[in-house]
Amino acid sequence: MQEFEVIKIREEQAVLFASIDNPPINLLGPGLVRDLVSLIRILDQGDKYKVVVFSSANPNYFIPHVDVTKIAEYRAIAAELVGEPSLSLLYRRLSETKAVTIAQIAGRVRGAGSEFVLACDMRFASKEKAIFGQLEAAFGQVPGSGGVQHLTRLMGRGRAFEVITSSTDYSADLAERYGWINRAMPDAELDVFVSDLARRIARFPHQGLIDIKQRINAIALASAEDYRIDSDLFGKATQNPETKARYKSILEKGFQLDGKTELNLGEALGEL
Amino acid sequence: MQEFEVIKIREEQAVLFASIDNPPINLLGPGLVRDLVSLIRILDQGDKYKVVVFSSANPNYFIPHVDVTKIAEYRAIAAELVGEPSLSLLYRRLSETKAVTIAQIAGRVRGAGSEFVLACDMRFASKEKAIFGQLEAAFGQVPGSGGVQHLTRLMGRGRAFEVITSSTDYSADLAERYGWINRAMPDAELDVFVSDLARRIARFPHQGLIDIKQRINAIALASAEDYRIDSDLFGKATQNPETKARYKSILEKGFQLDGKTELNLGEALGEL
Amino acid sequence: MQEFEVIKIREEQAVLFASIDNPPINLLGPGLVRDLVSLIRILDQGDKYKVVVFSSANPNYFIPHVDVTKIAEYRAIAAELVGEPSLSLLYRRLSETKAVTIAQIAGRVRGAGSEFVLACDMRFASKEKAIFGQLEAAFGQVPGSGGVQHLTRLMGRGRAFEVITSSTDYSADLAERYGWINRAMPDAELDVFVSDLARRIARFPHQGLIDIKQRINAIALASAEDYRIDSDLFGKATQNPETKARYKSILEKGFQLDGKTELNLGEALGEL
């Protein structure tokens, strides 16, 4: 298999274990998007890998959010695969690839990090270490990469409203109760559970898994057009003076750096 | 701000705290509908209030149901805003207004009371004091003001069938497990939690909240036509001799009055 | 009432208690399908029975899955009612009949057994005795009789993916958390709870229940065309050499017989 930039790959028969390792805090930027483009191309061939498990090499951060200084750059890379400069459509494409994808979550997933795990087919999280947030409302934005689409369908109108408008942090236990994830489990059990599940699924005939994926997505995956509308609203809002001012303010407080603002971002956003 | 008839308003910057106070038992009648029409008109302007918190001044009743002796009257008032004599469409209009709406529930919400809180964007309830019921089936009716639409989407086919056909009372804990509400919490914590959440959301840019609301509703809010069909079925059933007889019978047992029939209405409906 | 072959019927005013009794392990075969066809014809008349409660006479098995040696035979019987040799459309027809249907589940429901209880309007299960599985993926197949349609809508994309691709066993508690069933309850309470609920609903006017059912199904019941697509994929896969080999292998291990393979089928499928 080819080299990846920030994803560490371990192959075990038909299962790929993909650990995201992008110091210091696993921001989603050009490196990770380039790797996702490469990985989706491999998975789309459908002849070798049945299951992919995404995890993080950083115990505090899975994907905390995008690198807001490199949006144009990573979007351009996404366009190589999906034909449009859109992280949103790249995520949707991941949801449609021929492998079953599992997110094994410890650390923070917020914003486009949350949307990444939502684009996976399943989500299991560490009770002690996983933290969830959909933080765009704090900046005056709509979640632009599938967050509205997935969360509204997974948890219903009321809980999606709360999670998205509050822009605050949610524990793994509450994320489970709300349907954000499949299950929260003790950190000590998470890796064995997910690995066993991945190996189990990988023993089953591939065409059946592909058919199942196609049929579930036919019901539960929003249209590309819906993704585009959200993405355009997100992009348009980045030009608002109030949105710009809020990004400037949070960057001055340590946004994008390892430290207490990123660790407790829900709290920090409430004080902007 | 103008005077309201049965809603007590407290303004705190961009948050409106709206307490329903319509003695003796907070029935939904002409007064409350007139106030809702006025309030929606204010919120629709979108220039001042970002969040509204609805609560009840009566610890036993939030909105127990409509005043069945004044249906024509309150429908006529609703028509002033929505162009049709329909509580159903008034509720749908509330779900579309420019403010984020939160129901802080203690006491009973049944029938159109349940449908009122379902029309809000979020619902938090007192573990000790909130009681939920969708009681129309006991009278031979379909919930006519959004109950079928919201409950089926929030809790799925099986639980919606149970809740709607049983016409019985549900605790806040079970309402949470079923997805009827966002969360049940200890009564002592409810007010602080909801107020803090409202204030937090009200710090965020308004246009983003409006966009989020529009995008969630595009997925989760049923069409006006679906509301009309339910409402028409409800209205048509009121003419059935069996439905009339059941209303007559429950009225003779203390329906609409403060007392044990209203307090334990689920039980009383099972004995009709 | 006419004689049934494998369903034992007890009539109590407007409630039918229907106990499935098809030794040795309650496989779904020609007898049960013939009885379902007869029962749906009776219920469709809509003049006598308001509620049906399905339970099992066998404490270990509710419906473990279809009799894989008699697929053509039971499909032909289904065609007598639905015009196509399709268990899938028979189940969908059950979901649309004029009675409210409740599954009272103890023992195993897997594959088309799970899909049978999903076709019912509500599901209550014994915490100690009920076991759930959607096992088609282990054979390289899509659940063909509504499993994909119901599970994706009831539990959302992530949990539906897990349940369907894992082909493993789920406890009643986890089935409740995932929305597969309404509620798990102690075995000692299940029968009284379900019987009381059935009797309560049966006291309410029938036309209202019929209207409610029609309105909930308009939202939550998938189209016949969607059922057909799943069913066709299931059927097509039965011709794959890999699928055939896996059925042969599990049959050699005691599939369809009372014993440890059927009791622990989730485990056995992981070792195929």
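Note that the chains are named A, B and C in the order they appear, and that numbering of residues resets to 1 at the start of each chain.
Everything below uses one rule, namely that a residue touches a chain if its C-beta (ideal position, glycine included) is under 8 Å from a C-beta of that chain, and two chains touch if they have at least 3 such contacts.
The structure displayed is predicted, hence computed values, not measured ones.
**Student:** Could you label the subunit B-subunit C interface same or different, taking same to mean over half of its residue numbers are used by both chains?
**Tutor:** different
**Student:** Note the rotational component of the Cα superposition from subunit A to subunit B, reported as an angle of 0 to 180 degrees in steps of 5.
**Tutor:** 120
**Student:** Taking each chain's centre as its mean C-alpha position, how far apart are subunit B and subunit C in Å?
**Tutor:** Centres of subunit B and subunit C (C-alpha means) sit 35 Å apart.
**Student:** Would you give the residues of subunit B that are in contact with at least 2 other chains, written as numbers and ranges?
**Tutor:** Residues 153, 155 of subunit B each touch two or more of the other chains.
**Student:** Touching subunit A in the complex: which residues of subunit C?
**Tutor:** Touching subunit A from subunit C are residues 136-143, 148-149, 152-153, 155-162, 164-168, 177, 222, 226, 229-230, 233, 237, 240, 242-243, 246, 270, 272.
**Student:** Subunit B touches which residues of subunit C in the complex?
**Tutor:** Residues in contact with subunit B: 100, 120-123, 150, 153-155, 176, 179, 181-182, 197, 200-201, 203-205, 207-209, 211-213, 215-221.
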